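Presented sequentially are two complexes of chain A, the first with chain B as partner and the second with chain C.
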Partner chain A sequence: MGRTEVRDGTGGTGDAVIRLDGVCKVFDVYRRTGLLRRERREVRAVDGISFEVARGETVGYIGPNGAGKSTTIKMLTGILVPSGGSVRVAGIDPSRERTRLARRIGVVFGQRTTLWWDLPLRDSYDLVRRMYRVEPARFRANLDRCVDLLDLGPLLEVPVRQLSLGQRMRGDIAAALLHDPEVLYLDEPTIGLDVISKAKVRQFLAEVKAAGATTVLLTTHDLTDIEQLCERVMVIDHGRLVHDGDLAGLHAVGASERVLVVDFARELPAVDVPGARTVRVEGPRQWLSFPASASAAPLVAEVAARYPLVDLSVREPAIEEVIARLYGDRASL
Partner chain B sequence: MGVYRAVLAGGFRRYATYRVATLAGVFTNAVFGMIMAYTYIALWRVRPHLGGYDETQAVTFVWLGQALLTTTALMGGGCETELINRIRTGDVAIDLYRPVDLQGWWLATDLGRAAFQVVGRGVLPMAVAALLFPLAWPSSPLVWLAFLVAVALGVVVSFAVRYLVALVAFWLLDGAGVVILSNLVALFFSGMVLPLTVFPGALGTAARVLPWSALLQVPADVFLGRAGGAAGVLGRLAFQAAWAAVLLGAGRLMQSVATRKVVVQGG
Partner chain C sequence: MADAGVPRAGRPVRPFPPGEPVPPEEPAWRRPADGLRAYGLIVGMWTRSALAYRLSFVMMTFGNGALTALDFAAVAIIFGHTTRLGGFSLAQTAFLYGTSGMAIGLADLLLGSMDGLGQRVRDGTLDAMLVRPVPVFVQVAADRFALRRLGRVSQAALVLAWSLSRLDVAWTPGTVLLLPVMLVSGAAIFSAVFTLGAAFQFRFGDASEVQNSFTYGGNALTQYPPTVFAKELVRGATFVVPLAFVNWLPATLILGTPQPLGLPRWVDWVSPLVAAAVCAAAAVAWQAGLRSYRSTGS
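The block that comes next holds the complex of A and B.
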């Protein structure tokens, strides 16, 4: 289950920019049980999480809705105070020194905007410059780079309310990077975007990553974001880390499966091919499940040799399925 | 300071964007101003020198009320609705991770809004009024200056109250009821319904010392030269400044409790 060792000492391990040690966040939830009575119930949104992220690393932080991702990010920005454990970002305790930390981090919430709704994009950037006291020359250079890489040129004079979701998201990402943050939190930066906008955002983030100066924590439901940007992925479920390692490891641990969908010339009984099991039959179409780590080629060859194959496609495992399986394994331990 | 200046300027420009809305607002001001002016005239004909004002001063008071209606947010409509909405939806999280003080940010936004509205919704209705009614204008530039300071302090007091009201949303999650209550109180205790000098006894005394009198009654008294000489004017301004300090302080306190204790909504 990845790194579980806890490194101690206030000096830390030198290059860890983000360090969580046994962090918990407990919310009280009240439920009405009668006319005036209510019952208090504790919800452990984050339940003992420890991890470190080194300088310049880009780490995926994934999990189903309500797993505790946003709660973690809020504790990392200092908006929420942890109920237990310790959090350090760039050596700072976020909830104690939220404003001091704010100068050194950037945050992008896919579902929210930091931009001034009624005013041109440029005004929001000018505000960022003043807010973070960015030197004019450095601001100029950063803005030029973002405008260039994110195609913001024609949008600078447009009021934010007139931007499309994809344009607005690019605008938000630029706003989060103009002050050269050491740490960048991206909370679902590609949510709701079309394929082209997603590609643009990923390409830009890949450039940020290549520059190597920024530590990135990326939350997403889109496995492609993780595949293209992160060597390391952490999976959280029910407030606990259930995986911390590389993506291949995630598939292995999650025993994830791909599905080969085949169309035959006619209706057939469920086919029987080695290395796969038929999970569904619907008329001439059948679904064959096989391990994600295995190659599809021999399986396709086998099916084509033995049956009247008309068409086929391969479905990749959905991240939610992988996570669901991961959690299912944990529960059965 | 540069940040807050930029936020203020942004607040100004945000409101300046909606010109048609401003013109529609001025029209509403003019209609309401006329209805109230004729009502006051009828009242003052029956009871001359009611509250110590002559008829011209009473009519001027009406139009000052219209001019300051949106500026000092006598019926609400400043930043509080937006802030409550941001607390409810969780967008306030974005305000909280900026390296800027939350109260300072919203004060600057509200001052920017007021700066626009004193021009857009203040000067224009007064100009309309000047064409239709004889008005009691200040006698010297110094009085104008004192009036502007009184309006500025009125905006700060108004903001400080509305900020407190908005922060309640951190606990109630829906601030609509509190806002309605707060607006009703502001409408009456600012002097928008009738000048506070008209009310007798304990109610009148209470109304004059409550913070809301800083929103309209005090600026109007300064404008109409009824504050009683330089010392009187300075006294009124000090009254406003004191309320501003107390209420902003209360806002800071409530803000630190809210941000430490309360959950920011939404994922």
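The block that comes next holds the complex of A and C.
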């Protein structure tokens, strides 16, 4: 959508490492209607998606729960066979040559580990090295770097089941990169993490991105992940791609708003500041809504200059809200 | 972390290079060798990790052996009250017990983790196996490989050795050859049943109890002489789930006992063929199960 299509007509990868063309995934859902009778219902989890991701790009893939994000990732890894359309990752059809593709991709499932639960991280990594036939020198260089950047040193001898969620996630991300994958899929890598762990994960992914060699597709519910890592964001809703472009574009299209929460020294009537509107007043605290595409700085300066300001914070719009606003019209149809 | 992006002295900065071109898919004939290699890797890792706690490993193996030893005591107690069971002596029954126990023990040692597949399907951890460059079958089979399961094989081997020392067998080159052949075929038949059971779990997540009734139930069945069971059960174990080929049928040749169903004598020799057939059926079922998982996502 709005992106120029890269086509080389040869079926080769060209610049696009990931290429989807009219991809569908239909599930049959059965509902019991009687003792033996059941009703079949088709659910189109992914409903005709086409996009391309160029080598070295970091793309955010977002959408509400059940929109089809994970189903797409599963088709891109070869776990699921598409019901229609064509998928190519690094020139390989994932569902037909799953094990061959496996050497070239790295996958992190935020919800569950790909490591061996009862084994120390070091043993898991060693097994990864042998399974993927990573050259020892290269493995050591990659492991050293991951251990260094992700602070894994003290965790290497700890069995995975004893790691905290944040530690486990860092361990998982390292495991996915030890064999130098061309494509890295991150399915909610920051889900459930505390602020510090999230920051560590993002900082690490920023490094991976800066190196420029790995193509990253990232699904998340946290807009900050996207803001800090992705120059491009795709939004999927009800199995369809509804936005493909930069984050600012998403906010502009969605007309999303951020909220400045201000605490004044005393109770005031609803303040009137240009560029924002007061949406809520509760004692000395007021909520000022302003467009997400605008900077908060001039607004804060304005408020501070005019009123006795004690404290303030900015609330980012949740992706769900942005999308809800984007497609509120369609949903009501 | 702050200097993360800055090149440091003494370390080559080669951050996350792209993977080198991957060679084309290996020819089909290489795949079994690759699978075996991967099986060896996973098994080796679990064994090393179990041996890290040596005392615990020894105790588990000993406990495993002791439990199965008690199991044979039950057979011995029956013979405290009678000298013959369905026309079989204690030594002959011990032969059946030993061969059946070794067959399932070997299958359990090699593929014992298969019944955990349903759990993996339910909690989604199977997906992690599907993104690795190793066949899923190998990963599921080798998962949590436990060398302590050797306890069961050794106990069955001891019972078998004891029975052979007590039996008066007129050994011929044929029967000497038949003994290892029936053990390997028996292990293959039980392995196929484990695999079939697992294949169903792709679709019906909680089928592991059904599987257990055929594997461990089949083991309990073939520990005893076929003559103590109803003909229908023996028929079922011959023609439906071919557990009779684990030991009942080939054993008649070694023990010189009558054919339970009065089948021709050549049937004593077909265990390897039956094993190959059920293994082929299991392979087809496994592929079908995996395909259905990959199209439904469960």
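Here, the second predicted complex is superposed on the first by the 264 of 333 C-alpha atoms of A that agree within 3 Å, B and C clash if a C-alpha of one lies under 4 Å from a C-alpha of the other, contacts with A are read in each partner's own complex, and residues count from 1 in each chain.
Going forward, a contact is a pair of C-beta atoms (placed from the backbone, for glycine too) under 8 Å apart; a residue touches a chain by one contact, two chains touch by 3 or more.
Worth saying up front: this structure is predicted, and the values here are computed from it rather than measured.
Q: Check chain A with both chain B and chain C modelled on it and let me know: fit or clash.
A: clash
Q: If you stack the two complexes on chain A, which partner ends up touching A:207: first (chain B), second (chain C), both, or neither?
A: In the superposition, A:207 touches chain C alone.
Q: In the superposed arrangement, does chain B or chain C reach more residues of chain A?
A: C
Q: Look at A:178 in the shared chain and tell me whether it touches chain B only, chain C only, both, or neither; answer first, second, both or neither.
A: A:178: touches no partner chain.
Q: May I ask you to decide whether A:81 touches chain B, chain C, both, or neither, giving the answer as first, second, both or neither?
A: Touch partners of A:81: chain B and chain C.
Q: Is A:65 touching the first partner chain B, the second partner chain C, both, or neither of them?
A: In the superposition, A:65 touches chain B alone.
Q: Does the superposition put A:186 against chain B (first), chain C (second), both, or neither?
A: The answer is neither, since A:186 touches no partner chain.
Q: So, A:160: does it touch chain B (first), chain C (second), both, or neither?
A: In the superposed model, A:160 contacts neither chain B nor chain C.
Q: So, A:123: does it touch chain B (first), chain C (second), both, or neither?
A: Both partners, chain B and chain C.
Q: Taking the stated contact definition, name every residue in chain A that is touched by chain B in one complex and by chain C in the other, in rising order.
A: 27, 74, 77-81, 98-100, 102-103, 105, 107, 109, 111-114, 116, 118-119, 123, 126-127, 130-132
Q: Quick one: in the complex, what on chain A touches chain C?
A: Contacts found on chain A: 27-28, 55, 71, 74, 77-81, 83, 95, 97-100, 102-105, 107, 109, 111-114, 116, 118-120, 123, 126-127, 130-132, 141-142, 144-145, 149, 151, 177, 179-182, 200, 203, 207-208, 210-211, 213-214.
Q: If you look only at chain C, which of its residues touch chain A in the complex?
A: On the chain C side, the touching residues are 1, 4-5, 11-12, 14-20, 22, 25, 38, 41-42, 45, 48-49, 123-125, 127-128, 130-135, 144, 291, 294-297.
Q: Which of the residues in chain B end up touching chain A in this complex?
A: It is residues 2-3, 5-7, 10, 13-14, 17, 90-91, 93-94, 96-101, 259-260, 263-264, 267 of chain B that touch chain A.
Q: Which bits of chain A are touching chain B when the two form their complex?
A: Touch list, chain A to chain B: 27, 65-66, 69-70, 74, 77-81, 98-100, 102-103, 105, 107, 109, 111-114, 116, 118-119, 123, 126-127, 130-133, 159.
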